[in-house]
Structure formats: C-alpha cells, structure tokens
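Letters are used for the chains, namely A, B and C, taken in the order the chains are written, and counting of residues starts over at 1 for each.
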Amino acid sequence: MKTLQTYIDKLNKLNFKEMYNNDFFLTWEKTNDELEAVWTIADALRYMRENNISTKVFESGLGISLFRDNSTRTRFSFASACNLLGLEVQDLDEGKSQVAHGETVRETANMISFMADIIGIRDDMYIGKGNAYMHEVSEAVKQGNEDGILEQRPTIVNLQCDIDHPTQSMSDMLHIIHEFGGIENLKGKKLAMTWAYSPSYGKPLSVPQGVIGLMTRMGMDVVLAHPEGYEVMPEVEEVAKKNAAASGGSFTKTNSMAEAFKDADIVYPKSWAPFAAMEKRTNLYGEGDTEGIKTLEKELLAQNAQHKDWACTEELMATTKDGKALYLHCLPADITGVSCKEGEVDASVFDRYRTPLYKEASYKPYVIAAMMLLSKFEDPAALLKKLEEKGTPRKMD
Amino acid sequence: MKTLQTYIDKLNKLNFKEMYNNDFFLTWEKTNDELEAVWTIADALRYMRENNISTKVFESGLGISLFRDNSTRTRFSFASACNLLGLEVQDLDEGKSQVAHGETVRETANMISFMADIIGIRDDMYIGKGNAYMHEVSEAVKQGNEDGILEQRPTIVNLQCDIDHPTQSMSDMLHIIHEFGGIENLKGKKLAMTWAYSPSYGKPLSVPQGVIGLMTRMGMDVVLAHPEGYEVMPEVEEVAKKNAAASGGSFTKTNSMAEAFKDADIVYPKSWAPFAAMEKRTNLYGEGDTEGIKTLEKELLAQNAQHKDWACTEELMATTKDGKALYLHCLPADITGVSCKEGEVDASVFDRYRTPLYKEASYKPYVIAAMMLLSKFEDPAALLKKLEEKGTPRKMD
Amino acid sequence: MKTLQTYIDKLNKLNFKEMYNNDFFLTWEKTNDELEAVWTIADALRYMRENNISTKVFESGLGISLFRDNSTRTRFSFASACNLLGLEVQDLDEGKSQVAHGETVRETANMISFMADIIGIRDDMYIGKGNAYMHEVSEAVKQGNEDGILEQRPTIVNLQCDIDHPTQSMSDMLHIIHEFGGIENLKGKKLAMTWAYSPSYGKPLSVPQGVIGLMTRMGMDVVLAHPEGYEVMPEVEEVAKKNAAASGGSFTKTNSMAEAFKDADIVYPKSWAPFAAMEKRTNLYGEGDTEGIKTLEKELLAQNAQHKDWACTEELMATTKDGKALYLHCLPADITGVSCKEGEVDASVFDRYRTPLYKEASYKPYVIAAMMLLSKFEDPAALLKKLEEKGTPRKMD
C-alpha cells in the first residue's frame, strides 16, 4: 500500500532545484527529473486529498488567471489547483483581440501582482505570440520583485500557448503512467498522435505539439500522423526527434491514419489546424483583415472536409494492439452522431473510454498544483512531510 | 437564553440520516424531521456567527454556482453560504439560451467538479427542464465519484428550478417560525399565497409552488388565490392537498384575493406567470420561434393588465387578522409608485414591513449553508459541538 | 532596523477611535492622527508580509466590490487587500448607465451584505452622484445592522468618487513620506499638481482634487496648475486653502505649467476634465441626450488639443529642484510616443521614474487594507501584536 512516504522518498532522489522560483513554459525546457517531480507531487497531492489531509500551504495570496480566450475547463482546473494550495483566484480577462505589448504588459503585470504568487496564462490564439507574451510577463514581474515593487516573484504556469500545452501533456502522461503501471513500462510502446476530422476549424496546435514534445522522452515509438498540409511547427518536430534519439525511442511521421493505429498501444486522434494556416491567420488578425479571415476560414473548413475519413472508428481501433489501445483526448471531443454529424471519434469508442478519459482530465488540477508547489517551495518533500504531520483535515471530521 | 447546546439537543432528536451525501431538490421529497434539521442548523449557524464562532469546516474546496440566469441576490446568498463554511465560489455562467444535454452535461459536470463539494444550480426558465437538468448533473457527478474521477461526490443544492424554490420557501418558513414563536404555533394559522399584478411578465412559478408545497405541512390553512388562467402546476397542487391532509391543515383555492386575505395570519401576494403560458413559451424557445415569443409576451402583459386590482393595498391588509397579517415577499417587490406605477403592493404597506422582509431574506444564506452541512457531514450535531469547543473566532478578537 | 513594535508604538500615540465601525469617504473628513494611523498600519502590514507573517484576521467574511466602472487595477488592489486580511471578494458590477436610487439601493445594499464586512465602492463617473451614492449605501447597511438584518455593519471604503480618490492620494502620500524620509521632512516642500495634455477626455477630477485636499495638510507649498477652463470643484479648493492655512503651508493656483514646475520637489502632471464640463455631461446622461454627449465629447477633445504644450518634458523636469523632482502619477500615464503620439509625459522621463511609480502604486493594497483594519477593529495595535506573537507564516516554511 502506498503511503505519502513513498512519494517523499521518490522526490528525495530527484534533482529539481532549478524549478524553485522559476516558471513552467515548455516541457522540453525541463529535465526528466523535473518532470518526474511534477508527477510525483501531483500523485502525492491527490493521495493527500483522498485521505483528507489539507494541503493548504498559503494563508493568503493570489493566483491570477490571465486568459486571452474564455475557457471553462482550464479556468476550473487552475482555480482548483489554487484552491488546493490556499491561493485565491483573480481572473484577468484581457479579451481576444487586444495583444498588449511593452510598457502596457510590464505595467499591468506589476499592477495586478502585488499579492500574486502565481500567474497562470493561456494564450494560444496567435502563432509566435503566446509564449513570447508569457516571457514578457515573467520578465516584468521578476524585475518588479527585484526592484522591491513586489514582495514576492510571481511565477508563471503556461496554461496553453502557441507552442506547448504542458499542463495537458503532463496530465496525459500521468494518466499513461498509471495505466501502464509506471514510467519504466513505457519503453517500446507505440503511441499514435494523429489528426482527426472535425467540422470546426482552427483547433490549437499546442496539443499535438505538446504530445510529441513530451511522449518522445520515455523511449516510446511516437508516430505523428496527419493528412498532407496539416504540418505542426517544424521546431517542435526537431525537439521530438532529439528526444527520441536520447531516450532510445523513435519519432516517425506518416500521412496514413491506419499506419499510425496499426499495433499502437496508445492513440490520440484529434483535430488541429495546419501550422501555416494559423500563421497566416495571425498575420491577417494583425492587419485587421476581416475579409481575409473569413475567406481563410472557408478554405480551412473545405480543406478539413476532404479528410472526413480521418476518424477514430471501431474498425481502426480493432487494428491497435490487441484491439485495446488506450484512447486519449484532451476533451471535449467531436463525437460522431453525438456532438456533430461526423467527427473525430465513433460514439461507441468514446463511450467505452469515457471513464479513463475523465480520469485523464482529472490529473490536470493536481499537475498544475504540483507545478506551483515546485516553483514556490525550495523543499517540497519536507513540506509534504510537514503537512502530513500537521494533519489538518481538509474537511473537518 | 439560547445556547448552542439547545440546537444540538434538538438535532439529536431528529432523523436526517438520508440527507448525508445527498442532494436537496424539492422540499416535499424531504421528511418533516429533515426540514427541521435544516432550520435548526440554520439557526445554529446564525447563532455562532452572531457570537463570533467560526463555522469554517472546509480548509479548501469549491462551491460551484451554475446559473442559467443572472441573479445578484441568489448569487450572493450562495456565495455567503459557501464562504461561511470555507468553500470558495466558482461561477459557471451557462447563458440563458443554451440548454445542454446528455454527453455535454455529463462531461462538463465532471470537468468542473474535481475539487467541488457543492454545486448550486439555478435553472427556472423552462418548464419541465430545470429540475430534470439538476438530476442530470447529480447523476453525472455521482457516477464520476463512483468511477474514481472525483475524490468526493459534489451534492446539489436547488437554488430555484421550474418546480420548487426550496431555499426561498425554507427561508420564508424559518421567518414565519421565528415570528410566531415556533412550529408548534402554526397549526390553524391562515396563510394566503396570492397572485398580484406586476407590469412585467413571466415571473417564475417556483415561488408560489414552493410555498404551497411547504406551508401545507405545518397544519396551516393555506389558500392559493389567483385570477382565472393563472394556475400553477397541477402536480404541485396535488402535493399541497396531500400535505394538508396529513398535517391536519387545509389547502383551498379561490379566484378572489379578498377572500384569501380575509382573516389571514400571513399573506404572500406576488406575481407569477400562468403555468400553461410558461409551458408554451418553453416550446417556442425550443423551436426558436422568436416571433411567437414576442406575441406571447404581448398577450401575457395584456392578460396581466386585466388584473391590476390584484394588489396588496392598505384596504386589503386591514381585512387580515387584526389588520396585522405578516406580509411576505421573496423580493424584489413591484411597489406601487416606487418601482412602478401600479404594482404588487402599496408603498405604505411595503414600508411598514421592510424590516421583517429584509429579515426574511436574511435567513437564506443560513438555510443554504445548513443544506450544505447536512449533505456533507454525517453527524452535524457533533460537528457544531466541535466548532464551539474549538472556538476559533470568525473575526480575530 | 525597524521592527513591528516601532509601528505599534507609533499607533499607540495616535487617536483614531472614531474610525472604528466607520466609513472612509474623504481624507478631509479625517484628522491628521487618523491619516497617520492608516499609513502606519499600511507600513506594518507590508512589513509583516515581507517577513512572512500572516495578517489573516478573518476566518470568513466577504469584501464586496461595487464598481460603476470596470477597473482592473482598482479591482486587483481591493481584492489584494481583502485577501491579505482573509475576506473573500464578491464583485457586484452595476453597469455604467444605471444609477439606482432610494428603495433599490437600500434593498440591494442589504441583500448583498449578509456576510459582508467591507464594501468597496468606485463611482466616479457622475458629478454630484458618486459620493452621495456611497452615503446612501452606508446608511442602508448601518440601518440593516441596527435592525438585526445584518450580523455586522459593513463599512464603506471609497475606492474613488466624484470628489475624492482617497486610496490613491493616501498611497501617493505614503510614497512621498518614504521618499522624503518622514512626514516631518515635508514642511516647505513644493508640490505641483498640474494638468497635462492627453488625447482622451473625461479623465476623473478626483485625482487632482484628492491630491490638493490631502497634500496641503503637511505644510507643503501646493500649486495647482491648469489651463483656463480646467477648474476643479470649488469646494475642494476651499478645503485646500483651509488645510494650507492650518498646516503652515500654502495653496496657490496658476495657469502656467512652467511656474508650477519651477523648483518643485514633487510634480504630479496629469490630465483631467473640466469640472463644469463633467457637470454638463452628468446632466446630459441624466436626460439621455446621446447627441449632446457626442457633441460635448468633440468639444472637449478640441479644447484639450489646444493645450498640447502642457506636457511633462525633460526641459520642464530640468527646472525642478536640482532637476530631480519626484515625479508622481496614478497610472496608467499617456506617454508620448509610447501609448500615444503626444501625451502627458516624455518617454525618457517616464522611464527614469518607472520603478518609483510602480512603488507608488504598490502602496495601494496596503492602504486599503489599513483602512479596513481601522474600521473593523477597535484596537489594531493589539491586533498586530497578537498576529506577530501567533506568527503563522503566510506561506508555509
């Protein structure tokens, strides 16, 4: 039987010093030890909540959610993580259209951060902007702290940018780890990250990019499949290649969904927009070219419609390893005959995997909280021990 | 002088086991003991707050408010109740038009509930939908908890549905109990739940329905009065009849406001929309028939205008028991000459009852908190005792 | 080295009894001792936060923000202050257009205040309305508390009204006090509160009014400078004159920015709208005269444009005391060549003062928290001592 000590012992074997007082932008900027520390603490926090041990480590303090885009689910995950640690959420909704720069970012970042320990940012709309914006905010508040404006340095958690979606991919991976019984069992497993048809367009690239950027690190054989024209960012493909080489796995590409699914242990079929089209859209927005945006939208929908055969059907699932590959999705999925006429996945497939899919999603608040804890506390292992000894019940008993 | 022990002793005589880990949908689904438990705990919580004893029973956890309709007052009541117990509120505003079903409800309910202990739902707009929706959410999160997705089962508090408005009627009743010096004094008292004219239309039926469904349980003589055509849901009238028979009171109907007011101990004059019209409107919304909705609106306003004589005037008030019936309203009221030209009540009547009306409303946060406590804790009597012994001041002294 | 005891000792020498259970509307309604108490407690709270001592004095309770106007910065300052003391923020956004009166204000104020300890109000849009509205809310909840509706009396913090902006001017002053090494060093210092050109119009008068109403109390030579036609409220000028007379300083007016800047120790160049124009606009809004408002807007922008030479340039800054006057602004500033083509201040001036400007702003959450503490606790000195002895870390260590 697992005890909290199991997690603490594991933490004590890992080196994650650099995470203290630092941001979390991209998984490939972190070492394997650092990623393992996130999963270990996420599991530990979940264990403590299940056992009614309070993990409130802040008596006061704010967690600021800075969203370019409305998102119920991400907002609730972030709010849950903050609440778990004792931070109060304050939302700053910047709106979709306005991309602030320079002086405004620097000033606003400081003005909202006087009591902020964490800033969670979601900015995935515009290629080349989201991640850059997060760095701008980070620099501003770091400086603010050095200048004595802010009593603390608020650290950034990337809740989805144009490049990576680390809280998603880290939750996906924690789910995989649990399903396969440990990281050590992932070597040689085949994971298919494939495009799938959706009647909507412009779905972010950060999910497939996040997946190939992370899953290639565990010695798995990662296949990226999509129709021609749905390429992801070349830089991230480079990351995936290097990861695979270093981990003893592989990273391959194909334009055949069937090939990707064949004997796969894990499948992640999901729609996304072509990288080049998103880049074009970003420029059109920059130029305020509304007509151009509308035209592009039509083109993209028409392009999507040529690939309706890219769906996670029962037939395809039957070709996976023992016909039982683990089906993943970041949710919500476009379910054929349920949420749309034709979509990413057959209703019967989705139904069969509903419970594991919800479980996959349920790791996210814990993953976010773990990232927070690692950035705010120098010795989280000692902290967890202290919380256990204190033994304040989360819910009075 | 009352002490906390008085409330604890009372609780220990009541059977409310079934409330633990359960939802609160309709008052008539609860036993008399269960309702008394709500009032007793509401009073105990108020006593503790007045005496600066903290009732914070959660170190962390979310209370989710899921509103179909914006409502400042209900939102603040729910937020107050959550805050009193230590839960942080997160709002999910679903918008008016969209009525989600099936997969979407199931998924969203789980995705927002990872750290949720309570979900407060207000969905009173569409006949046949609100209560059903609450049950759908409840089933989804119950299943989510059984499947290991959610560490806890979030329980539902009905903050107003198409059938009942239990937090309102329970607050109204707690007010009555205090005004009359105890439940035992209510036997034989006459309560008039009457329609009243308002220049707006489409006011929810859940208030009169909630009142006749609850007030008939205490041996009172409950009269429901309204102009012809303003019938409430027949099922709820059946409930009222059965309640009256069981409690030794009576439930009668009349189309005369004067008859209802005559010798009444308590009057509750309030506008509502005809049940049949609301059913029609629900269908029109379902069909997206905007023209039909506009036409219906005009018809309903015209219909209302035929009954401007249905007002709580000084003359009518003079006909009540000793001219001093307790005047109730869920607020805000349409006050003649104040908030509208002609409305539900004379300004002088409203003025005279302002303080008791505000008092009536002030029970709601405590009633909601009591419902929460009863659903989340198996032995609330022991919990209250523990809180008193702990004696943490709410506000440091 | 300062210790908390330094602040406690200072507090014990001041008389601020009247602040307990009272509102904070205008600085000139408070005695010098009372203002010093605010600054002392603000400094003490900051000291405690820097030293990781929790200042959570409420286990539960709400801080309500009631804003007529959206404001990210003020909202975050208020939220930060509430969070620092343990209150949870609930926002009531009343919208810009609707100015509620009488019954509605009284009722709403009570309905949202059942668990409210503090109500922060920002209502600066309409001349003659904002401050009056705050008093209306205050009266309503005071009565509600006396009538037994509310268990506590929620006190009001003026977060900006049509007359004063006390949380701003008090933060500005705390910044000055720290920069000049103490209140005792301010005697004879010259402060220039001057108008400056901005390409937008209708900026609130409450900032310059707040500044001349407060800064004249410390024996400083306060100069108010603006082009003809940009007069502030005459009543506030009277206040400034009386203050100056009483404090041994001076209050003078000029239509020359150069004259104001000459040898100034402190400069506060900032755009505002003419008082008379704002009064006119208020009436136009009252009459719903949209055309009139548009015409007025054009006139005001044209009027502004005649005074583009009113800018805080390097040349002007060079004329101040040793060329090094302390430059103040409530932020955000209109920076020439950065946030607009021509604005209030040269980019190089702003750049040089960025850190002190941010520091100036950083006092606001502490000033607000201090106002709250003084209104809710009879003996804040003892409270601070108790918090230090308790020594709960804000962030677990």
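Just a few scattered comments:
Simple rule for what comes next: contacts are C-beta pairs under 8 Å (C-beta built on N, C-alpha and C of every residue); 3 or more make two chains touch, one makes a residue touch a chain.
Everything numeric here is computed off the predicted structure, so don't read it as measured data.
Fewest steps needed to get from subunit A to subunit C, stepping only to touching chains, is 1.
Although subunit A and subunit B share one sequence, what matters here is the overlap of their interface residues, and that overlap falls short of half of the numbers used. Computed from the mean C-alpha positions, the centre of subunit A lies at a distance of 41 Å from the centre of subunit B. Shown for subunit C are the residues in touch with two or more other chains, namely 88.
Looking at the complex, you find that subunit C touches subunit A at residues 46, 49-50, 54-56, 72-73, 75-77, 79-80, 83-86, 88-89, 331-332, 335, 338-339, 355, 358-359, 361-362, 364-365, 392-396. The touching residues of subunit B, counted against subunit A in their complex, run 57-62, 88, 90, 92, 102-104, 107-108, 110-112, 114-115, 117, 144, 147-151, 376-377, 383, 386-387.
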